[in-house]
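Below: a set of structures, written as structure tokens.
Shared chain: chain A. Partners: chain B in the first complex, chain C in the second.
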Partner chain A sequence: MSYFVVGYYAMLIGASCLAAHFKQRSLFLLLFSLTLVSFVMGIIGGAPALWFVTVGAGLIALAAGTSYAFREFLVTIAPPETAKELRTAPLTAAFGLFVIFTCAIAMVFADLIAPYGEAEVISSAFAPPDENLLLGADQLGRDIFSRLIYGARNTVGLALAATALAFIMGALAGLYAATKGGMFDQAMGRIADIIMSVPSLIFALLMLSIFGTNLAILVIIVAIIYSPRVFRLTRAVAGNVVVMDYIEAAKLRGEGTWYLIRKEILPNSTAPLIAEFGLEFCFVFLLIAGLSFLGLGIQPPTADWGSMVRENATLISFGDITPLIPAGAIALLTVAVNFVVDWMLFRSSGLKE
Partner chain B sequence: MSPVIIIVLKRLGLGLLTLFAISILIFFAVEMLPGDIAQAVLGQGATEENLAALREKLGLDQPAPVRYLQWLSGALVGDFGTSLVSGERVSEAISGRFTNTLFLAAYAAVIAVPVAIILGIIVALLRETLFDRVSNILALTAISSPEFFLGYILILVFAVNMGAFPAIARLSGDLSFLELLHRTFLPALTMVLVVVAHMMRMTRAAIINLLASPYIEMARLKGAPPWKVIVHHALPNAWAPIINVVALNLAYLVTGVVLVEVVFVYPGIGQLLVDAVSKRDFPIVQACCLIFAATFILLNLAADVGAILTNPRLRHPK
Partner chain C sequence: MPSKKKEVLLRIEDLRIEGFSNETWIEIVHGVNLTLHRGEVLGLIGESGAGKSTIGLAAMGFARDGCRISGGSVEFDGMELTTTPQSALRALRGSRIAYVAQSAAASFNPAHKIIDQHTEAPLHYRIKKRLEAQEDAMELYERLRLPNPGEIGFRYPHQVSGGQLQRAMTAMAMACRPDLIIFDEPTTALDVTTQIEVLAAIRDIVEQFDTAAIYITHDLAVVAQMADKIKVLLKGHEVEEAATESMLDSPKEDYTKSLWAVRSFRREQKSPPGDDAVPVISVQGIDAAYGDAKVLEDVSFAVHAGMTVAVVGESGSGKSTAARCITGLLPPLTGQILFNGTPLPPRYRDRTKEQLRQAQMIYQMADTALNPKVRISDIIGRPAEFYGGLKGAKLKNRVDELLDLIELEPSKFYHRYPPELSGGQKQRIGIARALAAEPAFIICDEVTSALDQLVAEGILKLLDRLQDELNLAYMFITHDLATVRAIADHVVVMQKGRVVEQGPKTEMFTPPHHPYTDLLLSSVPEMDPNWLTTLLEERGVDNIGEAAKV
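So, the complex of A and B:
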């Protein structure tokens, strides 16, 4: 029994006693169940398993602390109306905002942050991390940290472009279909049905095999695949708005379709559309990352998170976690966006289950 | 005829129609190629004679609708033509691999479905507690992680560090069934993680929706024990959403399998599709896409039909 193991259990049991004493029921349950689980894990995995739990708990505490501080920061700098909303945000949403914020910084200031260029060969292949190479080098001797930073710009930028395009196409078609109705509405509905009935990855692969892997084509294909979702939502939301009296009044005034869409319907259906934008971004981002991982998305030497996983995948069999870093970055950003979307949906629907 | 049968038949008809539309889409997508298939395969530097010979071999001299009908009638009996790259029959390349993919998906489904439904019900009963919140965060994380991230983590932990399972799911020679399960455990587990998270969230939502309805409140108020409320009152109505959830997620498994197969170098149809796309081997791409799309549509169809058949309001019309 090392001091670490003794200290570990003493801390846990002491903390659960304190929690029980101060009537913190859920905290006590959490700590005590962790103690019980630790017994089992300690017997099976020994001290390393307990280290794992400690590091995990430390990371979660760090994330929670960062989110808390970041939320307070946002509350302080935001105008009073927004600050009131932000104060009620759960920690997960604050965490999501923090990750998105960090990623945006990396995207905008990539040239300043990254120590080396994205395609610059600076050392031997698979060089281990040292003070110059924060995360080591990849299969060609390029700095992984720099590529990660540039990858934020390329991967996320591409996903944003595709999402925006999907949104413009889907939302415009949906709004137009809701206002016009009739044949156009029916035809668009059937087309959306057909596109949605093919799995998105398969559809993307089919189209890429035909048109080749070119960035502009990739964006257009992904946008086409995901626009039916936006179309359906916009159609449904706008369908509820179109039957309102003020739309009727505007029509009687003799306003054109484009005016109706822009001035009357769109301002009244933004809330669900913004949440949908976040969700849609997650899907698009995962699809593009998946395609890049398969070697069919963003092409080398452009730094990109999906292809970085693929290029360094062989390292995993030597117990090196390098390929997990870009993959983890993809997961982290998607989780972050999902957390924020979850909060926004909760807020806009007013669901209290 | 009872109204249920009519509704089911209508739904089946719609499914067939969609399938037909998809086959048109898949076939004519290749027609959209700048130039034609022969040009795309041989590249810019091809001589006129070579192009003409390949066009002759592929039957490109016939109009597209005729070729579509030939392709479709072939596809219906499992004949997808020959591969452009290896010259092998597409059906031979696919048949063994398709069984492998189905095996992997079934393996994952057998583990995932019961686990997800039980977890979903537990989480729904414990809603608004710490357990519910933690599991919600974990499920969101699993859904948001790309399949290859989960796959490589599992490889690192179970194959490299613990050495318990092989990292590469190579199926060679005669394997006993147990050995097969052991070798394909990690790819199956990767898919289980993603699908369980999805299914759990959906089951939770369905059950919570149900528990909020007045007749459940009534059962509670009249003093029925909690397990009886769940088993006798809630469950009969919950089957429809649960069957729907299961079928939708099985459909999801079919797509997720592509990335997982590449991570674990599993000899399935997804890997074949990815290879064929990078080599621009159109007959194989078309065949794989048709198979994936058909499976996806059939499972969605099963979800709808299952929901119709388990709907008590439709089964016992007034």
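So, the complex of A and C:
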């Protein structure tokens, strides 16, 4: 039995006892059940399985530590009002903010950060990671790390543009429909139903093969696919606001529809809309990544995360993790955005669990 | 009452409750003592924020979200509720302690039949079988004088009226024959005529089953009918406690006296205008309908400059609909509305900015009438900007002037948002918004009914002062006859969409009345503890339901 295994169990049992002693009930339960599970894992998998657990726990602890430090950092630099809100943010939200922040840095300073160009062939195909190539090379010998950085700009930027466009179209239509009612409301509602009734991926494939795969067209099509959801949400939220007395007062004052929407309704519907923006962003992001994977999204040699997965997919059968790196980036950003959105939903609705 | 000196059922000692706000715990109930004997009814009275409901809930060992019981003891029938585990408390609630909430409509689940909700507790506690429980429910419905007791329980909550629902809720509280019922403002949301039915029903059933009750209300006259003793609360402190009669006859504390004195505000009726005077607003022969349902029939009245016309009636009588016709939200089918002698277009969309400016409205619920996301300065400033074209410093001066007019300090309120204000302050902002347009005519739709009496009186005095200063014409919609007595010059009584009687105030409050006016007038609770008993005898106890319907 190695020193590592002895130390591993000693640590766990010691920590469990300490937790029990200080009446940290949930912590004790967690640690002690981990100890018991470790016994089984140790017997079946031996020391490597325990290493795996240690590394996993270390990573989680690292992420938690980073999130904590990042939250403190934000609290320190933010103005007092925002700082007060941030202090109540859960660690998951802080983690999400950290990932988004890192991603934004990568997007803005891609040219400075990336050691090589996104289409630059610098080594042999599928070269393993070394000092020069942090994450190895892809099927043409391009640096995966550099392409990941540029991919953030392309994929995330595109998703952001498409989501923003979907929101502008959907929210405006929803607000007008709620305020005007009648024929306009009915017409918009039926159009939204029609768009929603076609499966989104098929609709996108169809449209892209008709109009060609041009970036502007891609953004517009994705925006059209996602705007009906925004429309429905906005209409429902605004519908609750429109019946309030202050809207009646404003109508009786003789205010126009645009004023009603801008000054009276919109400020009272922003919270759910922002939360929805985060959610939609994830869906749009995944759709664009999916389209790229199918070869209809962003065209080579432009780097983007979805097509990077596809291009390197063959490597997975050789037990290499290279194709998982861009996939991991997609997953990480999606999870991060969802963490932040959860926090915003919690704040806007006062949800408890 | 001396005959009720039985064993002590509930004893609350030095009860302290804290509420969580601004990230700290603040004490909101500061050491209240209370003793309740079996079969006794205690009235808890005070303004909103006095801690009445919080104490009522604490008597069940319950604290709302964001509140906690931080000290003292609540002893129910020998059991200390503050330390009892949740599971044991749950077994008490509904079976031995029951709660009747203010709004029965909001408390019933709209998706289940009334009787199914009624029998839920007895079935859960295995006191009765389903059929037994249903029969018992019907018996309780009968005792509470609900129409068709055998059938009414099988309806859904939205299929019965508000007063009936409130009685059904009382019946539901009685389902397990609890020892203690907590009534939290059960009649506040009801019309005077309906209120009587509910009050009489509650009083009877509490007496019949010898149930102890805590009756929470802000209406002194109501509590005088119901309670054996009264406790007055102010901001979480006990002011005084005494038996009902001695409390009414000789209140000791200044605060109690001020509560009693509230109803004394009364304005002299102004002399009626000459025959040739042109009314500011003249409503002539209006019929109106929502879809096929006719709600107004041949309604006519006139409002003169500097005068107040009070429109009275129970809910559903068409008071607010008449206001909607005047503002143009609901175009009348026939008839017309004249402003200073010239007809107004029936739809508000067709009216000119000037016509819209002249008629303003103040709403019942200041909460929904003010946009919570807009600053006070913008709420009040917008009409001045919109109609008067004021900008920059001029606009700011005008807003300051308006805030002064409604007796709120400009520097303190200018930058705040509506949720940061109290109910009375919000209503004042609503008034300022109406005044900002410099109108000739203001519709006040139940402006005081959501407010405490002291605050409401402040609002009435303010409106009165503004009328004198600005020569405004008011249409005052209300179901509260005390308000009418206080402020009206001319009274219009409405029932089922028709004007049943109208005339100057002094004339309306002296007999002979139209039978409906008579019913309304006699239904207003008075401070006399025997008022309800006497009234029921006069009307004949058995037909109280019909008496209210006429």
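Following the convention adopted for this analysis, the second predicted complex is superposed on the first by the 352 of 353 C-alpha atoms of A that agree within 3 Å, B and C clash if a C-alpha of one lies under 4 Å from a C-alpha of the other, contacts with A are read in each partner's own complex, and residues count from 1 in each chain.
Definition applied: a contact is a pair of C-beta atoms (placed from the backbone, for glycine too) under 8 Å apart; a residue touches a chain by one contact, two chains touch by 3 or more.
Because the structure is a prediction, the values reported are computed rather than measured.
In the superposition on chain A, A:264 makes contact with chain C only, not with chain B. The wider contact with chain A, measured as residues touched, comes from B rather than the other of chain B and chain C.
Of the two partner chains placed by superposition, A:62 touches none, neither chain B nor chain C. Of the two partner chains placed by superposition, only chain C is touched by A:244; chain B is not. Within the superposed three-chain model, A:13 lies out of touch with both chain B and chain C [touch as defined at top]. By the touch criterion stated above, A:187 is placed in contact with neither chain B nor chain C. Contacts of A:254 after superposition on the shared chain: chain C is touched, whereas chain B is not. Overlap of the chain B and chain C contact sets on chain A: empty, with no shared residue.
The residues of chain A lying in touch with chain C in their complex are 244-246, 248-249, 251-255, 263-264, 267-268. For chain C in complex with chain A, the residues that touch the partner chain are 327-329, 348, 351, 353, 356, 360-361, 363, 365, 368-374, 382-383, 386-387, 433, 437.
Considering their complex, residues 26, 29-30, 92, 193-194, 197-203, 205-210, 282, 286, 289-290, 293-296, 306, 309, 313, 316-319, 321, 323-324, 327-328, 330-331, 334-335, 337-339, 342, 353 of chain A touch chain B.
Of all residues in chain B, those touching chain A in their complex are 18, 21-22, 25-26, 29-30, 32-33, 127-130, 137, 140-141, 143-149, 152-153, 155-156, 159-161, 167, 208, 251, 254-255, 258-259, 262-263, 273-274, 276-278, 280, 282, 285-286, 288-289, 292-293, 296-297, 300.
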